[in-house]
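Presented sequentially are two complexes of subunit A, the first with subunit B as partner and the second with subunit C.
On to the complex of A and B.
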């Protein structure tokens, strides 16, 4: 049966490999993907270890529904203790790797120890080998994938790889697959690099046995029709996530010059329509009918000619608004660079924007930057600093360990200007007008994060009767209000935990599209694919279990309520620009704390954010770690 | 004709087919418009 793909334990120190079935109990409690990865993280990673030591464990998990032909169901979860935050490390990546891993017979890989030599893991039709990667080391993320395919003589191999940033142990190095897909956040590429692991490559031809294959196929078609009928998906399929820029930059919800402004004036060149100048079409991930990523060619300018995919909305901020760059071509080139090096776009852009503000304020100078003129919009400095970070050279090496280390090294009050939570940078969104988003980034288990709980539908001003029915309690339809927003975050957290565990794309659930598939549709898909039955409330409880376990991991590592905070600037500096709805807004500290209290209470956590005994018993977490797998 | 949601007052309003600009009748905010498909309008930016 489809839920019974195997889990493999791969010790890179001893080269010992053990294969086991995934017990059905684990599926019933955690589904797969992120859910089972979080169970493994809590159970296999010892408290307080150094994330870059051989004691850290890397987990790679395909979603429970990986391989079905709808909703982008080829996603894969990569987890470990994070070298960025010291807490939950977890990143969810699209593309085709997750599905291929399942076709090769495995759902979960647990990678322990550290190899003496550089290696890659080769997974094929139920077999696993650890192979020498000497000829891959030093290659960029695309070259690595190409070389693996050439070495094996098989163009259909899918690989999860790191670039030179991961090899150089840049703390926020990512893992990548295909031209564009990244497990960007929390430094999972750095963990791979610390193990001398360059790649995990998979090729599979094993059938997935579904419980009701014909009905599943019909329902997948229904799901694809459902998602593509939404306005959001239709717009996204035309311009990708760049589409978001039009709304946020018009309204004044986008960080500009690090955090000094909240929209980019004269930023028309970054509008999504302009990708048409370079696009040669769109492409999608496994099982996706939306096709949100542009394939583009840049013929002129630095690093041209090149071909790449994207850019995501995140790149428009990281290498556009935040560093005051107003040329799309510059964003495309920077996007290409970080993709090749294997760097997290958000962390890289966030750190460079912060450095530019420090430079402007005289906190750092030419002597410290090695002569780099970090003026706003200086694209040569932008490209050079990306390179220096990846190679750990010059001033780039000051930034390569992330915000916490850089703040400690630079000092002089530089921390005030850093837009980060728990050591991880924020998306370029400006959450001062949107309390729900602000609560989300403050409480997310992996640091400042828009993908753990963001209720993007809060922006639509939906009727309160509708919101009450959706979220199961009163929620204000005014996105500048604090009322009911803790409930929104709590609901979205559970939905996204389940989404990441069944391996479908967040854009194909209630993230930006309110009429997208959610609990009941997930329940039916799981039943048709696996035969397992879950009610809506049972799925919500699984989401709660996963999120609470992540919270427990962070608490064990020393996080407390004081880490569920926002950068001080959110409380002190009102937004200077934008439409009337967004202008002059800052977060009210008292209301924020009340919202945080409400959020803890909804979870069944104490005032300090610690799950109560009652909450743990209800979720069956009171005896963790239980070491079931 | 197509509808867009005003980014300031969040009320929906109609946009004439192929229009390049539109003004929200409720709060008077003026936008540039583009068309992802021939029947779907989208706010491109402030006018």
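On to the complex of A and C.
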């Protein structure tokens, strides 16, 4: 059956490879992808290890529904102890790699130890080899993939690779596949680099044996037809996530000049339709009908000519609003640079925006920056600093270890200006007018993070009776309210944990639209694909189990309630711009703490954010680590 | 007596109308429905389906925000200098 793909343990120190089936019990408790990765993380990574030591373990997991032809079901989860936060490291990447790994016979790879020489892992139709990567080392993320295809003489190979930033152990180096897809957050590329692992390449021709293949195909078509008939899917397929910029920049919900403003005035060039100047079409991930990313060509300007894909909304902020760049071409060029180097766009942009504010305030100067004029909007300095970070040169090397290290090195109160939680930078959204979003970034298990729980639904002003039915309790329909928002976050956390574990795209669940597929649709898809039955409440409990285990990992590493916090500026500095509903807003500290108490209580955690014995027993987590696989 | 509202169009609404911003004159007692009907008459297409005929409210795959707040009921009373944004609900990053 399709759920019985293998798990392989690959020791890079000894080159020993062990293959085992994934027990059905694991599926029933954690599904696959992120869920099983989090079980493995808690069980295989010893407490308090150095994330860059051979003791760290890298986990690569395909989703339980990987390979079905709908909802972007080719996603792959990559996990390890994070070199950015010291807690849960986990990143979910789209593209085609996750599905290809399944076609090659494996759902999970557990990579231990450290290779003496640079290597890549080659997975093909049930076999695994560790191969020399001397000719790949030093290549960028696209060149690496091309070289692997050429070396094997097979254009259909899919690879998960690191760039030069990962080789240089930049803490927030990412893993990439295809032209654009990135497992961006928490520094999984750095962990690969620390193991001298350049890539994992897969090619498979093995059948996925679905339980009810014909009915599954029919239902996948139904899902695809439903998705593409919606206005939001049509908008995303036309403009990608850039479309969000129009909404947030109009209202005043987008960080600008690091955290000084909340919209970019005269930012018309970053409006989504301007991508038409450079776009040559759109592309999608495996099993997706939306195709939300542009393929673009720049013929002039810095680093031109080049071809790339995107940009996501994240890059419009990271290399646009946050650094006060108002030219789309500059954003596209910066996006291209970080893609080639294999850097997390959010962490890179967040650190550079912070450095620009420090430069403006005189906390750092030309002497410290090596002569780089870090003035707002200085595109030459932006490109140079991206390069320096990736190469660990000059002032870039000060930033290359992430916020915590850079704050310690720079000192002089610089930490106040850093927009980060648990050591990880935030998306460029400004959460001061939206308490639900603020709670989400404060509590996310992998650091400041919109993808663990973002309730975009909160912005839609839906009737409260509707929200009550969706979320299972009272929730205010006013996005500036604190009422019921803890419940909203709790629900979204569980949904996204399951979404990441079955390997589908968040955009095609309750992220954009309330009527997008969720529990019941997931349940039906799983049954048709695997024959396993899960009720809505069982899936919700699996989401809770995964999230609680992540919490337990962080607690074991020393995190406490005090780490579920917001940058002080959220409480002290009101938003200066925007429509009246967004202007003059800051987070109310007292209400925030009440919201946090409510959030812990919903999870069954103590006031200190520690899961109670009762909650652990209910989830079957009271005896972890159990070392089942 | 008349009033003016600023209408900001995003995504397909902007594409169909061919402009991002419209300064619209409305009568003093105009509702959101009146304004949407005017736009539908002028531009058709996407503007015809902003209100869901089944529920009589703004379609769930559309976002109509007045002064930054989502409005679902078309009988919402517009006021002078209101900023009305018509867009699609999208999330992500």
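The rule is short, and it goes like this: the second predicted complex is superposed on the first by the 629 of 629 C-alpha atoms of A that agree within 3 Å, B and C clash if a C-alpha of one lies under 4 Å from a C-alpha of the other, contacts with A are read in each partner's own complex, and residues count from 1 in each chain.
Everything below uses one rule, namely that a contact is a pair of C-beta atoms (placed from the backbone, for glycine too) under 8 Å apart; a residue touches a chain by one contact, two chains touch by 3 or more.
From a predicted model like this one, the values you see are computed outputs, not experimental measurements.
For the composite obtained by superposing both complexes on subunit A, the positions of subunit B and subunit C are in clash.
When the shared chain is aligned, subunit B and subunit C each come close enough to touch A:246. Using the contact criterion defined above for the overlaid structures, shared-chain residue A:314 touches subunit C, although it does not reach subunit B.
Legend: residue contacts after superposition of the two complexes on their common chain; A:580 is shown touching both subunit B and subunit C. When both complexes are overlaid on chain A, the residue A:460 reaches subunit B and subunit C alike. When the shared chain is aligned, subunit B and subunit C each come close enough to touch A:238. Shared-chain residue A:475: touches no atom of subunit B or subunit C. Of the two partner chains placed by superposition, only subunit C is touched by A:506; subunit B is not. The larger set of touched subunit A residues comes from C, when the choice is between subunit B and subunit C. Common to the subunit B and subunit C contact sets on subunit A are residues 231, 234-235, 238-239, 243, 246-247, 250-251, 271, 273, 460-461, 579-581.
On the side of subunit A, the complex with subunit B involves touching residues 231, 234-235, 238-239, 243, 246-247, 249-251, 268, 271, 273, 460-461, 579-581. For subunit A in complex with subunit C, the touching residues are 230-232, 234-236, 238-239, 241, 243-244, 246-247, 250-252, 271-273, 312-314, 346, 427, 429, 450-451, 454, 456-457, 459-463, 477-479, 506-507, 511-515, 578-582.
In the complex of the two chains, the subunit B residues touching subunit A come out as 5, 7-11, 27, 29, 31, 34, 36-37, 40, 42-46. Interface of subunit C with subunit A (complex): residues 8, 10-12, 14-15, 20, 46, 59-63, 65, 67-72, 83, 85, 87-93.
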